[in-house]
């Protein structure tokens, strides 16, 4: 069984017409996966609903505790992109588990979004990579230790 | 030929990851209509990109001038929902033209949105109704003179 | 209340991987309409699941009986495109009801399809047109008496 | 650079209204990947357009030659599901390349399809697995040597 922990971020954003704005809502990951017709067991659990710019050290400790408490050795964490790298570093050193962080540049509820691609990529990497912490975004697998989000280019890349 | 004037509103909202927010972008109406495989001529022209809460009397006068200058007698105006009724009233009295205002409660770029339904409804009403001003939203045709947006219920309804 | 009768046709086609082919399945109209967030009452009833090339005079009589038995004066009939015109003619003379036939050139379950546009158009025409029989396809309203399906061009048009 | 070779199958099926049937068309993979916003180079090349039930030994030899001639060591092959296992076996022994076969149970052009998930999974597996031949379907990675398609259940599984 692969465990998916959702923590918020762009991937989970919804639009509230009444307030004319965007907020982080219930994660649509579970629904997105229905059409993938999965033959593996996947369990989706919400840990928090946070914009990753608002994440604190205590939030990261909470995510770490959820992963450590999980019976699964293959874990995907959906997360805002702005501080995904920092959370990845804060999850270092959990023995025997393959952890893959992912998220999206466009909300999963959009017609055109990278969300499903990224989640599919993360679920695959969680099964094929050795224990450790990884980021799966837009087709590429990164090590949080040497990765940055290039905000201008809207992409993850190796730190030079 | 039916002319569609776009003015902004929720229907045209896009998500900018870099700024982590939603703004009114280029209208996706033209792209949405490709798959409708239309056998009628439709021309889409952007008049402005405004949240309808920010619309001024001068904006409404500009929309009115665009409609009056148009050679078409069947006109659809996409518009934010919050002040769609006011704009409808401001367009009263343009002789010989059927004007239909429409918009969306969820951005057209969402996977689940009322945008395409509403635009289809407006394009049909523009062809089947006599000259005058109408609102086509969520399956219903309204007269702006006796209609309000019920913000709490997120729907248009007759003013009691 | 608007009544929608489904009869089959391309609009309702599904794909069966096990048989590697396409068949007419349960109509997805009800699901499609959820995101339209309708403020009108719409009731969807399946009359049959037929490719319209296979429709017989008895099938058309059955559709007519369903419409006559309905308490609604505004009726939409989803139908295969190949013989939509013939069925339209067979429904002539039902007093006091506005009947609008519609369908799709691409199945409603496709990502790019004219189905939702056409259904929205038909639901609008059923409310705005006087009693009679109409076809609403790809943005245009037709009278079955003087319309043909141009198979090569994949469109409905006036008979010359 | 990852090379994607398309060979046909359900994933590439389109609907032809004029003939009222489904056929294998131009692969939509390139278009699907646009929204994934990839930061890796992916090249999509059509090798053939075949239902996999119609694939011959010569077809499989042709696919093998295309892979051997490719400068890429990471290759994804999209393929019909019915004989994906056989093609996987026929590709055994190509040194130094990670080959991942994938496809879909529902056409990629459908609104609800496993196509994008499967392609994302295959592109990830091609980067994370050692040289060899694999099948990536519905969240799972298989070895063609000990896998069957369970046609009744519409899924791949280990041969018992």
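A, B, C and D label the chains in the order they appear, each numbered from 1.
Assume a contact is a pair of C-beta atoms (placed from the backbone, for glycine too) under 8 Å apart; a residue touches a chain by one contact, two chains touch by 3 or more.
What you see is a predicted model; the values in this text were computed from it and never measured.
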Q) If you walk from chain to touching chain, how few steps can bring you from subunit A to subunit C? A) 2
Q: Averaging only over C-alpha atoms, locate the centres of subunit A and subunit B and give their separation in whole Å.
A: 37
Q. When the centre of a chain is set as the mean of its C-alpha atoms, what distance in Å lies between subunit B and subunit C?
A. 26
Q: Go ahead and note the Å separation of the Cα centroids belonging to subunit B and subunit D.
A: 43
Q: Could you list the positions in subunit D whose residues touch two or more of the other chains?
A: 105-106, 112-113, 154
Q. Among all the chains shown, which pairs meet the touch rule set out at the top?
A. A-B, A-D, B-C, C-D
Q) What part of subunit D is in contact with subunit A in the complex they form? A) 33-40, 42, 105-106, 112-114, 116-118, 120-121, 123-125, 127-129, 136-141, 154-157
**Q.** For the subunit A and subunit B complex, residues of the former touching the latter
**A.** 10, 13, 15, 17-18, 20-22, 51, 53, 81-82, 105-107, 109-113, 151-152, 154
